[in-house]
Amino acid sequence: MTQNLPEIPDTPVNVDVIAHSNFLVSTGATGTKFLTELRDNKKIMGIKCPSCGKIYVPPRLHCPTCFVRMSEWVDLSGKGTLSSYTIVRYQEPYMPKEPPFAYGVIQMDGADTGLAHMLGEVDLDKIKIGMRLEPVFKEEREGSILDIDYFKPSS
Amino acid sequence: MAERIAIVGVGQTHHKSKRPDVTTAELCAEAVERCLEDAGMQMKDIDHLVMGSFEVADGYYSPDKWIIPELGVVGKSGLEMQNVGTTGGVVAAASFNSAATGLFDAVLCLAWQKMDEAAGAFGRGGGGANEYWTGQFPMSPITNFARRTYAYMDRSGCTEEHIAIVRVKQDQCAMKNEYAQLRLGLTVEKVMQDVLLAWPIRRLHMCPTTAGAAACIVCPEEKAKKVTNKPVWVEDWLTCHQGGALTMAEDPTASTLRYACNVVYKRCGITNPLKEIQAWEVYEPASPAELRWIEEVGICEDYTAWKLFEQNKVGIDKEVPFNPSGGVTATNPIGATPVVRLVEAVLQVRGDAGEHQIQGKIERALATGYGGQGENVIMLLRKSL
Amino acid sequence: MAGRVGIVAVAQTKFEEKKLDKHVTELMYDVTRAVMGQTGLEFKEDGTGIDSTVAAAYDLLHGPSGPYMFLGYVVGAYKREDERVLEDGALAVYYGAMQILSGHCNTVLLVAYTKESLIDKNLYEWVGMDQIYQRRVGLDFVSAAGLQAMRYTTKYGITPEQCAKAVVKARKNAGNNPNAMCCDSLTVDDVLRSTMLCDPIRVLEAKPTPVDGACAMILASEEKAKEITDKPVWITGLGSCYDHHDLGWRDLADCEALATAAQRAYKMAGIKDPLKEFDVAEISEQYSYQELLWSEGLAFCGKGEGGKLIDSGKTEMGGELPINPSGGMLSGLPVCVAGMDRVAECVLQLRGEAGARQVAGAKKAVAHGVDGPAGQLQCVITLEN
Amino acid sequence: MSTEEKQEPEFIQFRYPRQVTYHHALGYQSKFANGLKQGRILATKCPVDGRCTIPPRIVCPFHHVRQTEWVDQGQRGRLISAFKINFPMFNSRTGELQNWENPIIAVELEGGARMDGWCAEMDPEKLKTGMLMEAVWRPEEERQGRADDILYWKPVEE
């Protein structure tokens, strides 16, 4: 019975294994507050560190440098300045828009950080770092960062 | 080199089945806050982090990146370790190694799992699958332990009722542990009537799905003595894995626990483990596993552990002080579970375990991590140097 | 630091687009047996062989159920110390060195393997973004790099030509490296004519993908290293550092984390003027702009001077500090393996065994690894012969 | 597996449904898969102690030697263990969640290797350790070199 079985080929075989998942994401009390404000009041909120005074958006529960709990919410106008952008020209199934479209980092007025989101209502060739932007909200909102449809140039 | 190291602070979350009120990162921060408070330290005192979770159940690639800012440790060094069920064990081992280099004053060891978010993570052939072959069978930790227990019962003469007694003992311990997730007030009858998942494993026999995190701070000798007056020394540690050497079909009883314990006992001069180690926190993912593990750590002869339960000799302040916290069948945030074991062992050594504290002097405690099909991490703690 | 850590053997596979005829264990086998052959070390239970294995691998990329646990036997994990770092391979070297510095191990086998051809790399990296905000808007590591590139080039006036030069240099250098995937004589114009991928990054300016391959090495304590080989390469400095995860929370044009990691390593190694003191650098640049930006972080030049540095020709072969004589990631290296392979390339250089890509008389080298979006986790390792 | 605790409704949660296909290159295991396509069960053999393993392994985990010899394991084997799962699990061929009616068994083949399989006998009570089992294959044109190329194992009279 022992042989090296030449009659069975060594031809490389490739097997596809399908893996499913359906992960649930908890946004937590802090995330919920931020997302609820987006949904119900079309408002972008920042959160302020009681120790260093910095205002963060999107919020977290703890200050990333002081490690103290943050609970003071700050109303932001939603307006901001573009600090960087990129134009996506490849397609992936997880993208919310058809390429080409632009992502930007928007330095929010009244906050110490920027928010990474999409840009819209703008000629892709005319995007400039430093341009002023304001959010455009979706008509139907569900409590997600995508309730902001995109940021557009403000006059 | 080889600094002696001690654990100067521990913290864990109250383990729950669901935590919609926090993100995974916030859950970790909760354990870290408690840990720092316990040690009387601040985040700025920490200079290195070792962290980890079972990434497959997290649905994340490298979740440390996202969690780091929540912990206020941007700008610090660190790394993420992972090895399925033993993740917490390798995280602890890595934090011990890092602290023992003497390069850092304080190393934070953190592990977490938020199982309420991991729907179907194990339906994908987790916990027992070579990625191509065994992954094609509908295997899970449940089926693994069904086989393991079947083999154990076959060889030992232990019955389903004995396994139910084990589960009841675990629950009795958990009832005294405020951090435990399942505190049910079980009886043998209740366990015997529970839903059968795969004979002889019932739902109550398997570890629950838990959202929880645990952390500890490890310091080299000099720093440890400055920080606290009750450091718990880490006498030895060992990761000992099976590495897919045997599938469940090949040997359903494969385990490296006995081998690993013997290596550690030899290095530390332990000849009578039951006498020399006064508290045990051993990772048993299913209640029948506790029987086999008691034998493998050297407490009794092979295939006789069920008799100890029959004679009511296992539990807090009993002859065999095994898993006073209630163990893994009460609480199982997978990746974090070995660190929970470590935290509980530290509390026992310090005498701070509260209601489930073992009375009498505890000089040594042993905690383990378990994963896959018989991978083990051993952590041996000591009260005095 | 008392005692040093020596690297006594390195091995790498040829890096190819799709190794469809090879299972991932074959890649692991090839490289680990090669380093074992070079040193004569084996896996032995009596303690005379290799003490420990540290792997660097991304489980989610290789299978749905924690596959490393079932592949570990290939690298001798059975009944031995076996841990896995869920980061870039450079972090595995970092941690492997700690296992030795802690006095816990004398010899450590390191292995990093990746088969990018298994799943879509972009999809996999998208899962590495925070799940509530950045992942939801569809950002992945490519678009994160696009944002960083745009910010960096705009802030400091870096020209597209300067970035393109990094690609031209990498591909030219790769011609001297028999293991490299892409080696051709591109011109700056060729690069600038290639399709735009994610402004300002063009297709040729991104790391080719998919790439399959593996890398292994053996670390040993000072005493042991001298026994094993007469050409050990010493690890003189180690540093790692985390940055913010949220792309809007840091200035993408300045890589603070890398600067901190580099300073940690340089302080340990006593390096004051890296451009002068190092003879060769191997860095992980997944995109052309990163060679310039990482050069700044590694203090080869001042902030914003990365463009000038590449214009000066100092980083070409034969220049003052050749960067990536091997071709680096732009010539095609798998993620995760890249960091360890950078260290391996430095070792070859310091041993004078780098063949056609040898930098004559190299004595000190620096290797760099990176993980996370837009270089969130950085690791720097300095080496000396 | 636990008793459900009451869930607070006011926290926002959402899901990421995802399907990932892993393209496994079997490499040295290809001969094993090609064997399945031909209706044959092969195993690798350790040159030191002659132990046969399924799935095939590139090195012997215990002796660390390269395993290059292939051994045909025959079509029959003895039952080692059997169990039935009473909850749905994913099928990796279809990617669907399904109930598994057939018990899952382990058999020790004539060649000495042990492997998993499904059993034709639905009643676990009728399965006895040591029973002789025989492989029942999918039609040749449906075989893909996968575990379920063997549809199930059926008990045979001795």
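So that you can tell them apart, the chains are marked A, B, C and D in the order they are listed, and the count of residues begins at 1 in each.
By definition in this document, contacts are C-beta pairs under 8 Å (C-beta built on N, C-alpha and C of every residue); 3 or more make two chains touch, one makes a residue touch a chain.
These numbers were taken from a predicted model, which means no experiment stands behind them.
Under the contact definition, chain A and chain D share the contacting chains B, C. Across the assembly, the mean Cα position most removed from that of chain D is the one of A. For the pair chain B and chain D, the distance between mean C-alpha positions equals 30 Å.
One simple way to say how far apart two chains are is to compare their mean CA positions; for chain A and chain B this gives 35 Å. Per-chain CA centroids place chain B at a distance of 33 Å from chain C.
Residues of chain C in contact with at least two other chains: 20-21, 62-64, 73-74, 76, 78, 123, 131-132, 135, 244, 246, 249. Among the residues of chain A, those in touch with two or more other chains are 12, 14-15, 17, 19-29, 31, 64, 144. Within chain B, contacts with two or more other chains are made by residues 20-21, 23, 59, 69, 73-75, 119-120, 123-125, 130-132, 134-136, 243-245.
If each chain is drawn as a node and touching chains are joined, the picture has every node linked to every other.
Considering their complex, residues 19-26, 29, 32, 42-43, 59, 69-75, 114, 116-121, 123-124, 131-132, 135-136 of chain B touch chain A. For chain D in complex with chain C, the residues that touch the partner chain are 16, 20-30, 57-59, 61-62, 64, 66.
Within the complex, the chain A residues that touch chain B are 15, 17, 19-31, 60-68. Those residues of chain A that touch chain C in the shared complex are 12, 14, 17, 19, 23, 25, 27, 31, 56-58, 64, 83-90, 92-97, 103-107, 113-118, 129, 144-146.
Within the complex formed with chain B, the chain D residues making contact are 1-5, 7-8, 11, 13, 15-16, 18, 22, 24, 26, 29, 53-55, 61-62, 80-81, 83-93, 97, 100, 104, 106-107, 114-116, 124, 129, 146-148.
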